[in-house]
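Labels run A, B, C, D and E following the written order; every chain starts at residue 1.
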């Protein structure tokens, strides 16, 4: 698995590397109390592009994903997804605060997989995956179950439909969470350190599943990860964050093998050094 | 930092690699319910020797350290530390269950640093470090404080004496915990994944401190760690655990570069693969 | 209302406050004694602690009070001063609840803290005194604060047996003026205000204690009225 | 903080104790017109004022009011919480077994307290036996509960109020259709609440098994305190004959008609109903 | 020491009637408290301050004032405003409303005990608010609350002696009644105490069984 990333990224998403401004962060700022986390940040991601966010702890990576998922509101700036703004709507040519209705519509295109899985413990695996398609997308129960079984098969859990999350290992839970997210047919998939709660062997399982998905679909992906090998393998572009700014953005081959910034270099050293 | 471990281990503890049976586990068994964790395990560690325990999750590494710290009792077998048994005393030539008094005496030579630091949140940093020397070793307040300041300086926290643990970062807390353990002047220091609750950069800080201590004293150390680089750097010997057994024991150079067992090889691959 | 009637209310208020404060102090003693007894290694002590908490949590303070006032004198020939009987009945009751708080808080101290104390070779008593209790006490304060309000409310019971507390004073006023709605309305407000004062004081205490562990403090009564958690979005 | 109950020379030495202590603790149930706290907050009423006068004559000048539920008066006295019951308590044979009464200082008939207009047309206790939709209210620990029962009102239609004001509020709130008490009490309490939509029925003497139920009230002491009872009776007799008694009680609505020569012994030995 | 066993044994049958009434009040009161408590808890979480604040005020007020006084109020004052409830209903409502304020806190703790991640996951799946409550949050929150809910039945039962002030002939009132007829207080009061204690112990035993059956939350 040491093929250079450029080749890996090649297969379905050749066009993806051209940034057509599918997701656009424009002058986003966010502070928690006195702690300025993001300061006037702008960047964009193309449709079908797979972007990995790396950077030291506290640099604001999770905050970016949470904003897209509407779990954390920006203090100022706008976020656009496709034609629509996320926190704003256009009314009479002016941008105004978006109503719940509008936010739900835009949010419908996005979904997120969490570090802590966050499966619903009161539902069996199958229902975890069908609940939202049935009650949000309005799919029929049968249709939803069929698709859910397909997805669970794909992540290697076809035999766990009737299990409760508490009866699964961490890696299995994380794979259910991925199936659950994919069942929503999202345009955009957000992944926040989806393997760091797992031990190395379980993490490898989950990364394999994600690698397959990445290569066989043209979903737009934003991942935060410390698994540099994975970043190298699947992403078209890596964004290096430090103190709420993007200090370097480049294809993985470039950023890992020849970082331009001193900070990137030291960061990568400490991470690669670790084991 | 890529010097071969053999050289690194050289400095103070040359004699240490010879195992003089300072700590001796003899036919130790332990089960939790139906789960047999350790089965008839025997091994020994020499005085001044630095040993790293590696192995997959659940293989019993933590259990070993906890037994030495008298936090978990073995079901059968004996543990000897120097001249004394840990859970037994000799009375009229026979080994009998040890009284609290005896256990406390033997335990006095050992101390442990935990993954979760376990600093006392109700005491400031300085008092965390002086409390036990004053009340257990019977040192005077002044003497204990002087030594505590020395140790805190050594771990780079000379300016945090008056802080509460909750006001420190994880890496800082872990360093206080190390100073607190060293203040007891233990013969034996146990370290259980002391960096795995930390992010990579904080972990590096803590490992540096430990490396310095290892190299400048002849304390006997048992560490459980996933930081293979650290294991390679400081230990005289690495014990590979699997399913409650030691399946391979060798100096780090040998075990990392030329493992004898297939299981060791796959384990090391998955771990080194991770980042 | 005349000055004379106000005076009854005022004296009733004093009795209510005395019952609450002395009841709280004595209750605290019972709570720690029974709570720690239940954690003791000694079977007998554990049994006594258990019997006490079960019995007095199971009995209404009113029943205990009736017993102290009516049964003790006739059967055993001992008459407690009414205020003392009131304090005793209330504190036995609240102490049983407090004992559970003490026990729970001690057990909630993370196992890691105890293990760290063992790793530093503290004696069992040193562990309790230096590590466990200082942390447990902080965790007890919010529950004790609730218990204090329970106690305040329970003091109204004593009016059924001779003690001229605030409720009793109000009953006098009601009898004398015939204004039932007004008197009880006033009474409810009075208890509400006393409770507010107590909770505010306890909140200050809680804040100070929690600050020493670097914890955040839950909101007080007024803040709770306006409370709404982020999550409910 | 204990009080020794085993006080005792023959006939008791309560009066000496009171004299040396300088005060007497008077138990009462806040019931107009016998003993109650007036709108100024002072203890007053027929029994209170008579009691005060007699104690003053006996050399005790200070009075400590001790308020209690009516039903708690006897156990409270016996538990040593106060020295005398000064609440206009009726003498009944059952009570005589518990405490020692002085001779009565009044004798009064019963009335019913009714909602204005008496919608159910109730007049006597017997009416409650007949009408199964009528609920009678009594005071906890009072003799009225026993009377109502013995006349044949079922328990399910007897509501026991904790005190006199509750009885009034109870009739107002429709918790009972009438409240049974002496006319004296009811009249006096009604005066304190001008404008309430309540009225009194006609007075009657309740008869249980052919025995007239007198409402003759007196002061009560603990059983072992015979001496002070004798002293009390002596002063009371003196005041009756001098007319001073009537003078004291007139302001509380008592008249010549309520004066009585019955003795405690007679009332105590009346056949038990 | 004087003690009349005759009266002691004779007291049981009449006091048992009182026990039945106390239990009736407890059961009805508890049902009210369970439902009203959930209503309070949900209203207090409302995003509309003009809903959450007044409800909060009322709940805190009821919670911090004595049940005894509230019972007086309900029993004697409400009818003056033409609200007529039977004595037993007044008792049950008094207990129910009072305990609803506690129980709302239990539900609140249960709801807040549902990890934040569950809300976020529901949002990431775009589940609507109603569905989030009914299929994700409440099914986790209510089992979490179960042990504490059990405790409040017992607490409520223990408070029934206070119904003495509203003439409800539960055990203590009956004991006092027997006392004023026979002038023997110790025996009936002791019997009442024994019956209260025994019932409470049985209840807590049952509550423990329920807790074991239903109180376990599946860890995620």
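By our rule, contacts are C-beta pairs under 8 Å (C-beta built on N, C-alpha and C of every residue); 3 or more make two chains touch, one makes a residue touch a chain.
Just so we're clear, the structure is a prediction, and the values are computed from it rather than from any experiment.
S.K.: If you apply the touch rule, which chains end up adjacent to both subunit C and subunit E?
M.R.: Looking at subunit E and subunit C together, the chains touching each of them are D.
S.K.: Specify the chain pair with the maximum number of C-beta contact pairs.
M.R.: C-E
S.K.: Determine, using the mean of C-alpha atoms as each chain's centre, which chain is farthest from subunit C.
M.R.: Farthest by centroid: A.
S.K.: Rounded to the nearest 5 degrees, what is the angle of the rotation relating the C-alpha atoms of subunit A to those of subunit B?
M.R.: Here the rotation carrying subunit A onto subunit B measures out at 175 degrees.
S.K.: Compute the centre of every chain as the mean of its C-alpha atoms, then state which one is farthest from the centre of subunit B.
M.R.: For subunit B, the chain whose C-alpha mean is farthest off is D.
S.K.: Calculate how many whole Å lie between the centre of subunit B and the centre of subunit C, each centre taken as the average of the chain's C-alpha atoms.
M.R.: A distance of 46 Å separates the two centres.
S.K.: Mind checking the centre-to-centre distance between subunit C and subunit D? Centres are C-alpha means, answer in whole Å.
M.R.: For subunit C versus subunit D, the centre distance works out to 38 Å.
S.K.: Round to the nearest whole Å and give the separation of the Cα centres of subunit B and subunit D.
M.R.: Once rounded, the distance between the two centres reads 84 Å.
S.K.: Considering subunit D alone, which of its residues make contact with at least two other chains?
M.R.: Residues 75, 162, 169.
S.K.: Which subunit B residues touch at least two other chains?
M.R.: Residue numbers touching two or more other chains: none in subunit B.
S.K.: Two or more other chains in contact with one residue: find those residues in subunit C.
M.R.: Counting only residues that touch two or more other chains, subunit C contributes 70, 74, 77, 160, 180.
S.K.: Which pairs of chains touch one another in this structure?
M.R.: Final set of chain pairs in contact is A-B, A-E, B-C, C-D, C-E, D-E.
S.K.: List the residues on subunit E that touch subunit C in their complex, please.
M.R.: Residue list for subunit E touching subunit C: 1-3, 44-47, 49, 52-53, 56-57, 60-61, 63-70, 72-73, 76-77, 80, 112, 116, 119, 123, 154, 158-162, 164-165, 172, 175, 179, 185-186, 189-190, 192-193, 196-197, 200-201, 204.
S.K.: Residue numbers of subunit E touching subunit A in their complex, please.
M.R.: Contact set of subunit E toward subunit A: 115, 117-118, 120-121, 123-128, 131, 135-136, 139-140, 217-220.
S.K.: For subunit E, which residues are in contact with subunit D within the complex?
M.R.: Within the complex, subunit E contacts subunit D at residues 75-76, 78-80, 84, 87, 164-165, 167, 169, 173, 176-177, 179-183, 185.
S.K.: If you look only at subunit A, which of its residues touch subunit B in the complex?
M.R.: For this pair, the touching residues of subunit A are 56-57, 199-201, 203-204, 226-229, 270-275.
S.K.: Can you list the residues on subunit B that touch subunit C in the complex?
M.R.: It comes out as residues 69-71, 100, 104, 107-108, 110-112, 114, 116, 118-122, 131-132, 135-136, 164-167, 180-181, 184.
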